[in-house]
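Note that the chains are named A, B, C and D in the order they appear, and that numbering of residues resets to 1 at the start of each chain.
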């Protein structure tokens, strides 16, 4: 690792789709990563612009100007981070030289079943062979595969928080996987930097609303991974998933209302979490009674988790919080890249949360 | 009513506990109410101060200065609005002349069972006889009793939204009353104007957290009313109730995850709502697919409601939004006062929501 | 006036450009105005849509669906409120039947000099004859002309606050009109509902920035009116005007750093304000030391003003706050309409501010 | 430096007054500083509590529990950061062993003249001898003295931004030092973590107000440093300084309206800035026309600066933005500590800004 971090052997990283929020966050993390050098940034509609115009807060760091994807010199990269909107990513990744490692932050390679993909994303998948090689990058539950992968599909922001909180429970048969009620809340960056009326300050500010009730694309992704964890067919698992848009920029909190399996208590769940997360550098199990808060993780790659008694006998409430742009996207991407290159998993991700 | 609204016969209203947010909101609504005149305002710790010091936005309307409760001349009032913290209200109301009508916005007279009150509020109730005469002021479900009442206990903000959305369903046996999962979200005014670290701008802003998970005082209040609606004993009904603090000042949205009774569909629920709310001036059933948003009701006495399919078969999602300070408190109080004095129920409450 | 407010003789109002924030605010105010009936709403890109889709908070009030301007039946209106973007307004207003009164909330008829208009708005004015008949609708300083006007050009939001605060001073030779430093701050609705990157929640939230420094279109408007007040040529007056975008939806506050004329003290200014505003229903001079706050006026047609000593001898600080969508736009428009139809100036504008 | 950063020779740092926002920010920066180890944290009212209770976002980093000042073992520190409220700091620092270096983030040692201190802070200074040894820690203008200092008084947040922007101008006689109009805007953390009504979320949110108009304690501090820069007596310099409270947690932006000395143009000012800041690691001069934005610096130790033409001939507008908790307080403190210990000035301060 000493050699890896020396100036002459830095990993060359290109960011494709650098003008979105996940791209910007990848820039922020990578420009201070001791083993990485950013070699190009693509953003078709911003091609030719300096970073200081696209993201003024990242001006002054000597980053390269934006170029179009077609201008990218792939030989200048060891790894590519993809922050493109879903759908456009598939063909670009399919066309890349095989030697390039790819960390995809889009939704394109998360869904394994082509029919499910087509149903939820509105078109046939255009790189199904590549899809078969993709590793689902929920690092904590897939470390070995990620380490060996060429293409990692980073989970959606919601699935990251949901699965970190629920996989230890469903895989240990502590809660009923067929009665998962997941009430989710996200900051507005989750909707991206695209221009939409509902994410204007004056529309999203000072108010709260649900959206995509029981129709959000992260639901089948959660179902796929829960099904895998319990050895079921994905189409047999259905979860309630209701996201809400919260007037804050960053942060995501999921409140999972779960039914305990017979004989299971909240303290069993607490123990399961403590055992599972004891060695995890980025998952922090809170003390009994401590409330997860998005402000505990803002700007960091952390996930905080806790479990609470419910008033309804046989039920419990599991709550987790992440920063949707870090652990929910670009931070987890860097975490995966670290593994893919044999680096320390936490490298470049040591920042403490920013509060207030 | 013409006589009631003429200058010479205005209802004289005193506000006790006028320095809190519910008191201020009562002032805002009553100072433009065509049939009401505000005759005194009490706030013990602000006694002697003009309104312009306590609430600068209400300076310039000729409102009386704050006085202490002990200075109040009860003969100068036909009705008293109480916005005191719970616990302090009981003895004050018990000491009032019998001819005075009372609209209580505190929690003191909401819980009918003295043991339940003592368990949740930490002390014995000190006016149990008076409690027996109090009418639970969820106007839409208790109009006749409110019209005849001397003392109305206005519901808590959360129970108002929850019960408007769920009572039509449990009373018609459309959903299972023993599996109500209520994920609630509130703006920060819900925590009052008292000085607390967690409601500072820099603590509550840009973040989201749950609080009082499965331990909030509004849970037993909801259980009491659900039990009444289904003819059960309150202690036999237990609801999941998990509130979250949202970085906005006003607004409350509840997401109820409900289990349908056998044979019931979402369209049955929609029909039940449409029937029940068709004539309600302050409850607005949204079109299929329309998302309730707190911004649809801010500053108004409205409640918006909708129901959605769930992905889990046999489940549905019911969502309602109110302004916690208006329909969730002072607006509903004025609505009740209107009934208590034989006025048009909507009088003084016609303001359209303020958006953005 | 009794006749005016009776059901059968309501003033018929059409709103042209109803899908912007000023249009929505005009709807909010007019739908509760006792002497007005809204007869049509135009919004070319939203034509055919019900109000509940364009502005969900105004659904349920029985307002007419949006139509295109070309569909408007002008015979169905006594007055038209124009909330169109500048430039598009001129030709539409020029084509209206002469009997129709017009309250223009756009910038099209504010600038009297055609060259200045062309310089700042980027094209020749296309209705210069009509421009000559337009009355500048700063109600408090132009009541008589407004009362007689057919076409009123409502001032920009910033000029409204600036001129209310400074006209009494420059016209009385209390401050130097050639050294006006105006540091202005506005909520994000001031930028309208159009989709712009810098008004996204995640861009405008949690941050502050200046914009259009010394290049804002409201500067020449302020200069025009200051020049008129002191009997100078507009092009001889130049003001410093630096606006800032503040992370709040509504509200505008201007901090004017002024140089006192020789022998003038802050108490002279206070007296001048008190004299000038004593009878004004919508301008509230604060007590010495009271801080103007946008929250004192939110949702209302009020302007609050105060003056402070400066540390630099011979200087003073004059501060004013308004709600940019009410007094800064649609509220002042209704105020002007009231005068144009001989109604009580405050009719429909009595709402107290909404705080918190 | 290699030795300095090795595990065995880390600088031991204690933080006195760790429960305030500046204390927390010092913790955040120091816990990742490669050459520093935090050895104790004092907070009298939180003594005995773990960091996870006082600042949940900093739980999990192995920081020591809070202790009272009287429990501090000074031998366990090489340097002390003081984040106490002003007034309490003086006696504590005066009692410390001489070998301890002190970085004071309070206001206690900023004002050199005891009478001025007494006038503005309401009591006689209780450590005037120590005051004489204190170095004013505006790093960019005082590097040599800071490097030699035992006690550094870090500037107030506003003076930091103001002086970085104005000292190069007044010291080069480019602007009139007797006509500095400084319109300042700060996020709410500037008011600290103490419980005050005006910093509650529901009071400070969605609104803007000035405060301490021409009476803020940072005015004499600015005057002192401007006077030094021009060789004048502090009491002869008077600046206009009007701060405003902005609904954001972090960030500070100052808009200085300045009068150019005869013959000076905006491009002269630009050149002066470019020359002065070319080698500064933490000051970034923006391109012509680029707007400083607090979001360009949030979470970082950067200051961004720009200058603009004014419409009034002979005037210009100079704008600077910082993060009040970093460059405006704890970051500058760490920057000074680095110099005091012969470390690289940027060590531990390399984080890029967090946006959105």
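Note that a residue touches a chain if its C-beta (ideal position, glycine included) is under 8 Å from a C-beta of that chain, and two chains touch if they have at least 3 such contacts.
These numbers come from a predicted model, not from an experiment.
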item: Chain located farthest away, centre of chain D as origin (C-alpha); value: B
item: Chain pair with the higher count of C-beta pairs in contact (B-D, C-D); value: C-D
item: Centroid distance [mean C-alpha coordinates] between chain C and chain B, Å; value: 36
item: Length of the line joining the C-alpha centres of chain C and chain D, rounded to whole Å; value: 40
item: Rounded Å distance between chain B and chain D, as computed from the means of their C-alpha atoms; value: 46
item: Contacts with two or more other chains, residues of chain C listed in rising order; value: 21, 187, 189, 202-203, 205-206, 247-250, 293, 295, 298, 356
item: Touch list for chain D against partner chain A, complex; value: 21, 24, 28, 31-32, 52, 55-61, 189, 205-206, 249-250, 284, 287, 290, 293, 295-299, 302, 350-356
item: Contact set on chain C toward chain D in their complex; value: 178-179, 181, 183, 185, 187, 202-203, 205-211, 213-214, 219, 238-242, 244, 246-251, 253, 255, 257, 291-295, 298, 308-313, 315, 317, 319, 321, 356
item: Chain A to chain C touching residues, read off their complex; value: 21, 187-189, 193, 195-197, 199-206, 247-249
